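The structures come next, written out as structure tokens.
The two complexes that follow have chain A in common; it is paired with chain B in the first and with chain C in the second.
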Partner chain A sequence: MSKNILEVNNLCVSFNTSDGQVHAVDNLSFNIRAGEVLGIVGESGSGKSVTASAIMGLLTSGNVNLSGSIKLNDFEIVGAKDSEVRKLRGSDIAMVFQDPLSSLNPYYKIGVQIGEAYETHHPDASKAEVRNKVIEVMKKVGIPEAETRIDSYPHEFSGGMRQRVVIAIALINDPKILIADEPTTALDVTVQAQILDLMRDLQKTSNTSIILITHDLGVVAEMVDRVLVMYAGRAVEVNDIKAIFSAPIHPYTRGLLNAVRSLDSAVREKLATIPGTPPSLLNIPQGCAFNPRCFYKQWVGDKCLVQKPELHEIGNGLTACHLSKTDIERMNKDELPVA
Partner chain B sequence: MSEALEVKNLFKTFPVGKKGLFSKPAGYVHAVDGVSLSIKSGETLGIVGESGCGKSTLGRVMTHLLPATDGQVLLNGVDVTRAKGEELQKLRRTIQMIFQDPYSSLNPRHTVGRIVGMPLVVQNINPAQGRKKRVQELLELVGLNPEHYNRYPHEFSGGQRQRIGIARSLALEPKIIIADEPVSALDVSIQAQILNLLQDLQKQLDLSYVFIAHDLSVVKHVSDRVAVMYLGKIVEEAGSEELYSNPMHPYTLALLSAVPEPNPEKVRQRILLTGDVPSPINPPSGCRFRTRCWRATELCATTEPPLVQISSNHKVACHFPGPTPLPN
Partner chain C sequence: MARFVVRRLAFMIFLLAIVSIATFLLFSVLPVDPASLSCGQHCTPEKIAANRIRLGYDQPLINQYFTFMKGIFAGRSYGEGAQAFSCPAPSFGYSYYRGQCVTEMITNALPATISLTIGSAIIWLTMGIGLGVIAAINKGKIQDRVSTGLAIFGLSMPTFFIGLLLIYVFIIWLQIFPFPSYTPFLDNPFKWAQALVLPWFTVAIVSAALYTRLTRDGMLETMSEDYVRLAIAKGLPRRKVLVRYVLRGAITPIVTIAGLDIAVLLGGAIITESVFGLPGMGRLALNSVTDSDLPVIVGITLLTAFFVVVANALVDILYASLDPRVRLES
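Let's look at the complex of A and B:
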């Protein structure tokens, strides 16, 4: 087994707002091995994007309270000097954002924008060297006619091509970790398939670790090795991809799976739902944050309402749920109640 | 079953590149290009396609939010596109719309009661039990607490806001609802709630839906019939069972194969379309899909394939229709 390239331990992030403290990430621990694709899954407000920002060292403004540890190859990102983190950002860790249009500057040619990422970390590179490097990476991400397209502006590209440009910027310095935050959500299905295919190929050839943040379990199934499921800022399940889909060990994961649409279902078939809505991070429920929406709390009793479940091992995975192992087996066997 | 809505040979173009007030436009975007459809009462028609294929424009022309360039939209035999004034206002009671973005489609300065009651005010309808009572009934119908009458949209989550939008669309007791990507802005667990709600309401109120989406897996859960659009034209139309089990048009095959499979153990043969959708200002000659199609021949460049009936429940516009998914 290859060694951990990134270790996150007891990460807590909260924001001071005029309405009170927003606990975006609460006591989160996970790691990622070299060459591994980790999926972070959760609904909006579950803390997945904030986690990504923390790893990138982007949470530096005054209203953020950050504690815990994020170690990239023994380098501690939490509390590190900005100038130190800047050396890592874009070279060792890179990020691809959701909306390719707003992550590119409309006033600059794309060659300049891709090249900037290289120049920042290679200040001695000559102009010709940078240009060659840019053309090389553009070819790698599948942009046709790279030699001429290098002088185009973002508006001359389609959505899918723009996302390829953004991926090129992220990959030009051969990062050890690529964080992709909903990289295909803004794209059409046929283009989404192209981009996922590209990311899979690049991952195989370069052995980069990828953190894929998404709410789409279909995308997760196609891309990742291991999944971290988040709910209300906490990890609720960490498990191998096959286990997540065949025998999940947390009721929330079970609920998400039941709500996933598949082409295999019958025409006009009703979907199982998770009742209620995700909680406000200003006012997270007592005990287990998922308890107001959980069908299975009746099997446990009052413990769910008062005691926060800690992440513990069941089988090969980790779960933060009070259900016993036999209860979880029963959960996966039973038909889910349709709410 | 009778036809609730009929669309006949509908066109919608937008001028582009107009330099001055009296100059001619440089070209036209052919957003909807000769579309014919019909929706029976109590039925759901799904319209699927990628961004820019004209599906939203089609929805807006059907509700006369945009005037048609040519063609007819018949509602109980009356042409919506030619209706004016009082007649149009009456027609609007029968056909209502649900929008994609539950954040931008609700006025943040109006209370929920005012938002949901607004159609009654505009149409000058005074229900016997009073407007407030009627609005509270509607809120209850879509699963919201009627006591939230005086709250503002920002106090609600995305899914609840979409419920407010649905309540508003139901205020005038319409027969037809055009839902333009009603769940694509919502979280997965909430999408399922809204899709189920729409199905329940359809049964309860005998509604017809036109369900516009880009995702074939969403459409499968709600539609009786599905039409696939590409660059302003319908390329395939069939009953849901038929379309999903026996797709014929290469574009439909590609769309189906692009849906991510929520099962890591299953590997699906994927058709990767090369390139992007061509510009609707200057669409390719002949068949519009030929630039991305692996079956295209010279015939496709010269002759446009008409939408032909291949069985009682299936129409397709392709010179070489067939289910073989394997591109060379």
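Let's look at the complex of A and C:
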């Protein structure tokens, strides 16, 4: 097994707002190995994107409280000077954002915008070198006629092509880690598949690690090795992809899976949902944050209401749930507590 | 791009024709009789009637309009025989009150106004945008409050008050400047600037506020754009992100307003010019209104409209080069 390229330990992020302190990420720990694809899954507001921003070193404004540790190849990002983190941004860690339509600056040619990422980290490169490099990476991400398209403006591209441009920006410096924050959410379904294929191919040829942030389990199933499930700022399950789909070890993961419609479900069958809504981060429930929405808390009892479950091993995975191993097996056999 | 420019210019000419008709009609219904005004002290009905014919006010309105328009392109002459005189093209008419061609009066007044406009525009754009940038990058901090506060202070001061204040402080109290007397730039650039510094700042202090606001709010809005986040994620240095991305994204509305402000100012800064005794368009307009010197007022109105329409067209064309998306939509 190759060594960890990124180690996140006890990461806590909170924001001071006029309504009080928002705990966006609470005591999060995970790691990622070279060449691995890690999926981070959760509903809106579960802390996925904040985690990504923290890794990029983008949480620098005055109202952010950041603690814990994020180590990239032994370089500590938390608390590092912005000028030092800046050297990593776009070179060692790159990011692809959700909406390719708004990720590109409408005023500059795409060649300039891709080239900028290279120039910043290779200040000695000549104009011709940069241009060649840009054309090379545009070809790599499958933009046809790169030699002429390099002088086009973003509005002259389709959404899918723009996302390829954004990926080209991310890949031009051969990053060690690529963070993709819902990279396909804003795209048509057919284009989604193309972009995912592209990312998977690039990952295989370059051995880049990818953190894929999504709420779409379909996307996860297609390309992820391991999944981190987040709920209300905490990791609730970490497991490899097969286990997530065959035998999840947290009721929340189980709920997410039930909400996925499969091809063999009956036409008139009602789509399963998780009752209730995610908690407000200003007011996270006592005990297990998921308890108000959990079917299985009766099997455990009051412990769910008072004690925060810590991550612990069950099988090959980690779960933050008070359910015993036997209870989890019952859950996966579709047994439900008597109401 | 060429087609866009041609179309925009054609529209501009159409607009100017409409403006000229409207102005002409507006002033023809005023209860002022130029013929009797230009008659002098010992006036008789016969003299008035003769004047009316000499100045062309006996003609139907439509003929008057076309004579006027023709004068702009071909020049115009008045009267006959020994009393005849002519105003060469472009002729905006003849001031019976001053006995001078309107065009000549305007050409005499324009240099002072142009000097005032260009100088103050440079100052207010630097000041306004500069304070706006400072406010935006220090949002919520003391620098932001001070910048915005200064801007609002400038905006809420009446022009004449700032003008008088500057005169009092710098001319009477500190005696840094002599009392301004306008000298053309070509005669003596130093004296030219010396006479204009205070008027420049008077106009600039009042105008800068809006630009501070526009820059600050535009930059703050752009800062939350995804493309700015991506620029930071690329590892670009902060200053580069601020200038190439944030300020660039906020500059378009500033260009629009600046174009119009400059155009309006070219039509004359009545208050500033009066306070500092600058012989510009504003003072000419003011005097003409007091004297009911109709042809001059019509001339200045048309010229100001011309400036605004041209500035508008220029701004539109500039837009197309500022924002690559505009070209397609045109």
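One rule holds for everything that comes next: the second predicted complex is superposed on the first by the 334 of 339 C-alpha atoms of A that agree within 3 Å, B and C clash if a C-alpha of one lies under 4 Å from a C-alpha of the other, contacts with A are read in each partner's own complex, and residues count from 1 in each chain.
Assume contacts are C-beta pairs under 8 Å (C-beta built on N, C-alpha and C of every residue); 3 or more make two chains touch, one makes a residue touch a chain.
Everything numeric here is computed off the predicted structure, so don't read it as measured data.
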Fit or clash between chain C and chain B when superposed on chain A: fit
First, second, both or neither for A:Phe245, with chain B first and chain C second: first
Which superposed partner A:Glu43 touches (first chain B, second chain C, both, neither): first
Contacts of A:Arg131 with chain B and chain C, given as first, second, both or neither: neither
Per-residue contact with chain A, leading partner among chain C and chain B: B
Contacts of A:Val166 with chain B and chain C, given as first, second, both or neither: second
Computed vertex angle (chain A) for partners chain B and chain C, CA, steps of 10°: 70
Partner chain in contact with A:Arg33 - chain B first, chain C second, else both or neither: neither
Which of chain B and chain C A:His122 touches, first, second, both or neither: neither
Chain B versus chain C as contact partner of A:Lys139, first or second or both or neither: neither
Contacts of A:Ala259 with chain B and chain C, given as first, second, both or neither: first
Closest Cα approach, chain C to chain B, once both complexes are overlaid on chain A (Å): 7
Touching residues (chain side chain A, partner chain B) in the complex: 43-44, 158-161, 188-194, 196-197, 215-219, 221-222, 241-242, 245-246, 255-257, 259-263, 265, 267-275, 277-278
Chain A residues touching chain C - in the complex, by the definition given at the top: 56, 58, 82, 86-91, 94-95, 97-99, 102-108, 116-117, 120-121, 153, 155, 166, 169
Touching residues (chain side chain C, partner chain A) in the complex: 225-227, 229-238, 244-245, 248-249, 322-325, 328
Chain B residues within the chain A interface of the complex: 44, 50-51, 157-160, 187-193, 195-196, 199, 214-218, 220-224, 240-241, 244, 254-265, 270, 272-273, 276-277
